[in-house]
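Below, chain A partners chain B and then partners chain C, in two separate complexes.
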Partner chain A sequence: MRHISIIFKRELAAYFNNPLAYVLIIIFSVLSMGLTFVIGKFLDLNDASLTNFFLFHPWIYMIFGPAIGMRLWSEEHRMGTTELLLTMPISPWEAIVGKFLAACVVLAAALLSTIPIVVTVYILGSPDGQMIFSGYLGSFLIGAATIAITCAISALTRSQISCLLISVFICFLLVLAGFPSVADFLRPTAPWLADLGNAISLWWHQSEMARGLVRLQSLAYLTTLIAFCLYLTSVIIRSKRA
Partner chain B sequence: MSTPTPPGDTTPVRAKRGWLLTSAGVALVAGIFLAVNWFFSLSSANLDFTEARVHTLSAGTESILKRVDTDVTIKLYVSPEDDLMPQFRPVIGQVEGWLQRYHELKPDFVKVQKFVVERTSEEEQEAGTTGLQPQQGMWFGIAITCLEKTTLIPWVPALFSPFVDEDRIEFGLSSGLSEVTSAKKKVLGLMSPLKLAGDAMPFGGGGQPTWAIYEMLKSQYEIKNIELTTTKIDPTVDVLLLLHPAGITDEAQWAVDQYLLGGGHVIAFLDPYNLVASQSGQPQRGMPPGMSPGAIPTSSNLEKLLTAWGYNFEGDKIVADMGYATPMGPNNSNPLLLTLGTEGIDRSTDITKQLNDFWFIFSGTFTGTPASGLTEKILLKTSVKNQMVETSYASANPGSPSGQQQMARLNRSFRPEGKERILAFELTGKFKTAFPEGKPAPPPPAPPGQGGGMGGMGGLPPGMNFGPQGEAGEPGTAATAPVEVKAPEAAPAGSPAPAPAPAPAPAPAPAVPSPATPSVVTPPVTIEPKPADAPATPAANPAPALTPATATPEANPAPALTPAPDPALGNAPPAPAADPSPLLPPPAGAAGATPPPVAPSGDPNAPVPLKESTKDGMVFLVGDTDMLADILAQQQILQNSNLPFAVNLVDQAAGDKDLMSIRSRGSARRPFSTIKMIRDEATSKIRDQLKSMDEEVEKINADIASQKTNKDRNIALMSGWKKMEEKSREIAARKYQLEKEANKEVKSKLNFYQWMNIILVPAIIAGIGLLVLIIRKLKTSAR
Partner chain C sequence: MTNRQSRPSFQLARMIEIHHLSKHFGPKVAVDNLSLTVQKGQVLGFLGPNGAGKSTTMRMITGYLPPSAGSITIGGVDMLDNPNTAKAKIGYLPESAPLYADMTVAGFLSFAAELRGLSGAAKKAAVEKAITTCFLEKVRSQSIDTLSKGYRHRTCLAQAIIHDPEVLILDEPTDGLDPNQKDVVRNLIKEMGKTKAIIFSTHILEEVEACCTRAVIIDQGKVVADGTPDELKRRALRAGSVHVKITGPGAASLAGDLARLGHAGRIEDPVTADDSFQGTVYPKAKTATGALTTEIYDLCRNRNLTLSELHEEPGRLDDMFRELTSQNQV
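Here is the complex of A and B:
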């Protein structure tokens, strides 16, 4: 646990001691608010729930997650510090979890930057607080899932750009799979594929949680997806070390 | 060229084995990942993170399911997904999830079956046998069966969002379940002159469809129609519902009084101006000429009862509420059509706890305090920005120029009273009789051959004829409603020219109708015509029997029924009935002896009139009936809380709270109440300026009218016309400017919220980031 904490602090410092984290959080904040207010016409909807706000998040995470996670291992590979890190008396798991948690803190900070919209809906109406919590929970889990996917990809390559592109592509597929228009397109020809698309789609799970329905299926999918991606990362790191 | 492996070196083998183990490990973990997700995808278990628990079976459903002790089969009939429209396909999964939850709560008794209905298949035949019908070739219905009883949900998607505000599938399933498992329905007594059950004519003659509220109540209760002239309410009636009881006789009020004192529960929807009634005199499509029924009075009251309970219902005034005015366009809202905000709804009772959207149309309000022994609970109220106005405003069509003018005038002359008014409330406790002198005398019988005008109007007293035309707006214009409502039609050909548009202020009523606009008056009832009313259609019997005494020039737009005290017409006030009051001294010869209680009828076996509640009674009073009329709100009515509210009242009165708790989840919309306040504030700022402009126009009008001779008037008219034109242009430009400024103010406030959200946090984060980097730079450069 102590090792995880050391790695976590080191990674967190690496994020916040250079402009990367700040730039990413600013981009996330501007994008999520801009999409909600300008594209989604939030104030014209006359609905004091944040459902529409949360529905933009999977699209943003499609880029934001990989942007946070791309440096987790690619940077170590490029600098040649992976070997050094793994020769220290810490297990690959501890390094992976420490790094992943640090990236999640950046994600949490980005989500925290959207608090003004919560204040706004409380000023303008009387929203359902629990539903907002559920939306944030879903948003955080989906963001964490995109980081975990990127973490596994970054373990494969030393190029951060390659990692970013591959991760964005995978996340894009996972978001799109359950998008209503895609599901409607698939359903007539392959209904099972449409159902599968829903089950693996980050967008579908987010849409359910944004309306206050946290399915055990969603929790199971997102947590196991994160765990599986972190496991893959450890396999890749071990195999590289071997 | 490959390097030969030294003998005894096992590295490649170990590496190969390592790879194999790793691959096996990854495959195993991937398998576990898939298995776990497959397992959870089968489960409908979830955590409901909504305050109203809209995704969880409610306590009401649990209670209904607890009572189920016989096999109930819920059959879902649905077309193959390919045959369904794409938007209906996701609903299948949702409804299956709900059905699963019902089964899980009572697995031994509630069986769920799904049938995919292919065309020309056995399933299609079976679905048809249950009574289900395909909608546009698509099957998607539910049949709930228990023993011999079956209830249907004909079209499931109609219960799901986004087709309605919130999913209503639970209510549909639970009410169906309750219906098939209940042994006997409770009895609902219905007193109303309105044709709630519809009046479809034979041979495809058209007519009105059944009201949605009637259908809803009918599915739960056995409805027993009771005349508005009744003298007794059957004690088997569990709840008595009065909907716009216009023309209710004193005897019928007495019957309601006695029913209530006997422990009955009464719900009354009154109305100062009932739009449906206002159109009731119109000839109906498919009806042969001359067979059009008479009109129903537009105003209803229970004056005697209300007075005894300590209240007054202003039957000739409607409430205008700027706080809850319904938006009719970007810069236009109608304060006579109320959309209640959350502050106007009491949240402490199950009836309204989770209802949000209430629409009131030309509503009245109640004033007063409860009589001793009674407790009041206000359910719905106006905002403080309200004012009672004449009902003549109700007949204007906001779409017409004069209607807009009238509404603008109302907006400008509006002076809020600064106190909330009661729209709906509950009274409970020990009621005292409203008829301390006993049963009132029956109205005198109508002379033969007269008073048949209301023949066929269910529930109206015989002899009452209100003429073929009730309230009318401008000829050819539509009545005011949030959605389009067919207005009283223009006067028929050959009728007198229509009256000019309603005057700015309610004009006094003509004391005597002009011969050109005869009204049907059949003794013993007289009609008090509405001021500034449209001309009544010519009638067959233009007897000028309006008594000047009743047709006062007072602005009293509601066509009140006033029995004319003219013995010559045979409608003198009835003599008191023979000893109707037990308060009178006992007959001579009975002194000293306690006479047995005798009913007013003199029949010793008749029940003695009650003076006070034998057990706690319950009364609900609502100041509007149009709120329940689906012809006014058309499809929209299913999406507001009006109907759930009405049925909740009945359920509460009938003691059936299970369904009420489910229905109350109906609409969980949470609108931005503050944005509406911002808009109201901006509008109120320009109201005074608009008023002064209006006064300028009126001054020019008054100048013209003040000329004594026709010639002077014509000259003044010509010069005034020009002035008016110029003034109108000037005012229109200024009004446009003012409204533009008001809009700008609203927009700037909303923009503030928008840009604070978009810019504030990024700016703060950028500042923090810069600060951290500068500090870091300073620290490192110092080293």
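Here is the complex of A and C:
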């Protein structure tokens, strides 16, 4: 636990000593709220709900998650500090978890920056607080999943750009898999494939939680996905050394 | 001091033991059945051509790379069974001295100290001591990415010694430093070598003579020589050979007489002029240091010849290095 917190603090400082984290948070904030107002026609809908706002999140995370997570191990590999870190008397999983948690703080800060839209719905109407909570919970878990995927990819390469591109592609597939147009296209020919697409799709889980439906299935899938990606990271790091 | 002298066994503690260590990268054998023991108080110079397996060996000793076969024991703790306990006993300076560029020198050392289990006042004291030992006072609050190579190297060295480890593994600690900085680092190693077990790799052979109590040369993953720097020097081909220039009547025909001396072997590069002889006499066996020189001196004195040059080659480490490691190349 102590080691996790030491690594966590260092990573967090590395994020916030760098303009990148602030830039990413601002971009997330502007995009998520901007898209809701402009494309989502937030005000025209006359509905005191943030469902549309939360539905944009998976699309933003597709790039935002990889942009936060790409430096996690790629940067260590590039600077050669992996060798320093892994010859310290700590376990690789402690370093992995510490780094992942620090990236999640950046994600949480980005979500916090969207508070103005929550304030707006409360001013304009009387929204369902539980729905907003479940939307944020889903959004956080999905963001964390995109970071965990990127974390595993970043262990593979010393190039942050390669990591970004590969991770964006994987996240794109995971978002798209359950998107209505894809599901509608698959359902007539292969209904099981459409169900599978829904089950693994970040978009589908988010669309459920944005409507206030927090299913055990969603929570289990997302936490398992995160745990699996972090485990995969440790396997990659170990196999790179062998 | 008296306490330590009365306990010689303490000095002989085996700090680093590696047995039959091998490492394969696919079909390539980087380290091949290598065994080494380093005791407390020993500074071992690790020599070998590029690609000989020095860095790979060090990476296995420090627990970074898992070995394909063999065992590593640090201060009695097995690296494979108890990696964290074994790693805690080691300070490691990797090749190229990697650092977190976004941190300050003091911040980085404090981070390293925390990972080494230090906290509070002990942590502060350790950071201060490392900063002083490695002469980093001037740059302590500077960001690492603004440091010159010499400072970067010393910052990474400071990280390696911050927990006062019993074992130090230093991969080319003087690489890229200017002569003054090299001197500083060599003196540091020499000083720390009194109380620790140190392995350091280098390409600079004079460095080994300057601060090692023992030198090991490896080639293609195998130990090809192991001994004190003096022992290794004596094993060089030219070691013990005597270069002479003798003048006087009859000196020109001296070659035969020199070759008949009790300890003499072959004679190389003989140059004869009217009244002088010049050449290099090799000893028959390398064990009789000085005997050949005495014989030549006596021969000249008995015949009233003038010895205008007499030089016994002590042997050079770089000769030895070349002889042992060049056969297999190109």
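Keep this in mind: the second predicted complex is superposed on the first by the 242 of 242 C-alpha atoms of A that agree within 3 Å, B and C clash if a C-alpha of one lies under 4 Å from a C-alpha of the other, contacts with A are read in each partner's own complex, and residues count from 1 in each chain.
Definition applied: contacts are C-beta pairs under 8 Å (C-beta built on N, C-alpha and C of every residue); 3 or more make two chains touch, one makes a residue touch a chain.
Just so it is clear, the structure is predicted and the values come from calculations on it, not from any experiment.
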Contact breadth on chain A, by residue count: chain C or chain B: B
Touched partner set for A:Val214, first chain B, second chain C, both or neither: first
Partner chain in contact with A:Ser91 - chain B first, chain C second, else both or neither: second
Touched partner set for A:Arg10, first chain B, second chain C, both or neither: second
Partner chain(s) touched by A:Thr81 [first = chain B, second = chain C, both, neither]: second
Contacts of A:Asn52 with chain B and chain C, given as first, second, both or neither: neither
Which of chain B and chain C A:Gly125 touches, first, second, both or neither: first
Chain B/chain C common contact set on chain A: 17-18, 238, 242
Chain C-touching residues of chain A, taken from the complex the two chains share: 3, 6, 10, 13-14, 17-18, 79-81, 83-84, 86-91, 238, 241-242
Chain A-facing residues of chain B, complex: 15, 18-19, 22, 25-26, 29-30, 33, 36-37, 39-41, 43, 45-52, 54-55, 81-82, 86-87, 89-90, 93, 342, 668-675, 750, 753-754, 756-758, 760-762, 765-766, 768-769, 772-773, 776
Contact set on chain A toward chain B in their complex: 16-19, 21-23, 25-26, 29-30, 33-34, 36-38, 42-43, 46-49, 113-117, 120-121, 123-131, 133-134, 137, 180, 183-184, 187-188, 191, 195, 199, 209, 211-217, 220-221, 224-225, 227-228, 231-232, 235, 238-239, 242
Chain A-facing residues of chain C, complex: 59, 62-66, 83-85, 87-88, 90, 92, 94, 96, 98-103, 107, 111-112, 114-117, 156, 159
